[in-house]
Amino acid sequence: MDTGRILSAVREKKPLIHHITNQVTISECANITLATGGLPIMAHAKEEVAEMVAHADALVLNIGTLTTEQIEAMLLAGKQANDLQLPIILDPVGVGATGLRSECAKQLLTKLKISIIKGNAAEIAILAGGVAEIKGVESIAVSGDVEALAAALASETGAVVAATGEIDLVTDGCRLVEIYNGHPLMAEVVGTGCMTASVMGCFAAVEKNFLQAAVAALAAINVAAEEAAMEAAAPAAFKNKLFDKLHGLTPAVLSAKQRLEERVVTV
Amino acid sequence: MDTGRILSAVREKKPLIHHITNQVTISECANITLATGGLPIMAHAKEEVAEMVAHADALVLNIGTLTTEQIEAMLLAGKQANDLQLPIILDPVGVGATGLRSECAKQLLTKLKISIIKGNAAEIAILAGGVAEIKGVESIAVSGDVEALAAALASETGAVVAATGEIDLVTDGCRLVEIYNGHPLMAEVVGTGCMTASVMGCFAAVEKNFLQAAVAALAAINVAAEEAAMEAAAPAAFKNKLFDKLHGLTPAVLSAKQRLEERVVTV
Amino acid sequence: MDTGRILSAVREKKPLIHHITNQVTISECANITLATGGLPIMAHAKEEVAEMVAHADALVLNIGTLTTEQIEAMLLAGKQANDLQLPIILDPVGVGATGLRSECAKQLLTKLKISIIKGNAAEIAILAGGVAEIKGVESIAVSGDVEALAAALASETGAVVAATGEIDLVTDGCRLVEIYNGHPLMAEVVGTGCMTASVMGCFAAVEKNFLQAAVAALAAINVAAEEAAMEAAAPAAFKNKLFDKLHGLTPAVLSAKQRLEERVVTV
């Protein structure tokens, strides 16, 4: 898979990524979009989201600090994105922790056509109907096989599913790619998951093969994390370096450093 | 007082700290929680706060960008926390500046059992019924003795009261501890006060003696600030180092560097 | 123009700058206010904004993540600011991208007396009734002469108009000042535009000649950016340095490094 080619396309097209996202990492999501090579726009008023999506190249929905007003805005924006055939990335932050989040995720998945669902192992398991333990927004334990659950969720929804963890996996229900890049410091910074969804928005905006887009996005932020960790050993320093290493990441370096394994889903 | 022991417990238990907080420092509060050793969760929709608190180990309420919807959510979350006997930390940001903030603080203090009230000298004085000048969220001047006002507020509410300033003080109305650690650069960064409340949430989640929890939390962030200031002389650099020094702070170093004075309240 | 003198006045008076602003850069706006020498206050509940403005020295309105509730709060706060003759800075982020933003900007400009309108070239052109292309919040192209459009907007509204870009320009409709300071890395960081409005709030709070206040504010953040770029070559590192260089900027250095050209408007 040529991840560098997709990064090149992001840098060339500068896609506009519309986010309806949480208050915690909204600044980080905007900055990582810029660092990747896209342009961020954040807008959540129901009076303007459909109009704003019409200018965008992809839509990122993140339920991290969900409200009922946001659900309404997400549905309006998502319907517009579907009508315009723009990719939608869903980050179901903390799904399963409360009924509101679970109900919202269910509505988004049934009323909208989602291109990529990105979550940690527990979030993906819960969406797939499995059993998992989540503590706040952190995945603690999953009963059963994450690969099987992710593939089932992909088959059921038609979305590409990305489950992040020590090893990330992306599947469309038939094929599965594991991404071995990354660094443990990513878990010491709030929002690397949210940022990953923004990077996926940039990549999906320029690559219609969403399996490839999701894999390339994960490879990109993970390679940047590896480079950041070579120069920073603590969370805040690492976070700053992560932006700057992704900003400076070249397609050639990305292609050279990607560590992927692709195979058919075996479950 | 063995502050290091409490920090050890935080690191071991990884308590989940539910915040209903302001939009300005919400990211900083989440990151400092992680740096301390806890896990942050931010949620403010009235439809989910009670359910989210049920998973948490402590609740932090911060009125920095208050809305009427937030007051409702704070009361729902706080009632649940009280029912479950979880500690509640109240950060009455800017109380006294507007009627909305004063009315909210009054409601929270009368309808909920608060474990720790943390504010600057002016905020504590105003809550205690005293007279103080506040400029935005900065304490300018207090008429009267902060120690007496803090002790009176503690006695009246049953909460431990922490008044931050050049020297921080914590009191339960009978005993009083002064914390001499800290650094002036903390005042040059927006949100060190909010972050302190998050650190207190982590400590109160593992130490039921809230006087000790509040003192240990102040000692921890203040010792981290001292270490940060040895490597950074300007606000943004200092802020980054503050996260990283707290993340790297060991119980042994905390215990060794704490500078506390404990005595009975003399007023 | 003695920009250093105005910076001195900011440092001496420590003006309180009330912001009603977007969720993306609210933390950055607060921190840059502190770095400039002012005190930030963020408040947006309609129940408290008028009361909060009464304590403030200037009001900054930013429509970056606009909601209908915010429009109401902005009008209440703005009316109070006008009654108290406090300067109002308007940052019409993304105006023209949606009807909500355009309608809001129109209401603010007709119902309030705005002191300084600060936008990128496209935003200023759109407000002036011209034609421009905006992508998210980035100015892509303007049909016609930005100087003429800015001068027309100034004449029509009575506000000083600042159009940022490679070369910034500030005009009151009669005179025009170009600011040649600055650095391309400012465009690689989300929120330098928003932060500029906060700096203008600080300067306008102490200098009633709003043309001079706007010019001095732009010179200050741009000179800080130049100094930051000498020590940082990537966005996140640059952003941290920007805060710290503005925090450390002395009036003498600002006056020495400012690169301004003043002339009468020729269109």
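As written, the chains take the letters A, B and C, and residue 1 is the first residue of each chain.
Going forward, a contact is a pair of C-beta atoms (placed from the backbone, for glycine too) under 8 Å apart; a residue touches a chain by one contact, two chains touch by 3 or more.
Just so we're clear, the structure is a prediction, and the values are computed from it rather than from any experiment.
Asker: To lay subunit A over its twin subunit C by CA atoms, how big a turn is needed, in degrees to the nearest 5?
Answerer: Value: 120 degrees, nearest 5.
Asker: Same or different: at the subunit B/subunit C interface, is the fraction of residue numbers used by both copies above or below half?
Answerer: different
Asker: Report the inter-chain centroid distance for subunit B and subunit C in whole angstrom, where each centroid is the mean of the CA atoms.
Answerer: Taking the average C-alpha coordinate of subunit B and of subunit C, the gap between them is 33 Å.
Asker: Which positions in subunit B touch two or more other chains at once?
Answerer: 23, 27, 240
Asker: Residue numbers of subunit B touching subunit A in their complex, please.
Answerer: Interface residues on the subunit B side: 14, 16, 18, 23, 26-27, 30-31, 34-35, 39-45, 47-48, 51-52, 55-56, 239-244, 247-248.
Asker: Hey, which residues of subunit B end up touching subunit C in the complex?
Answerer: 22-25, 27-28, 64-68, 94, 97-101, 135-138, 188-191, 234-237, 240
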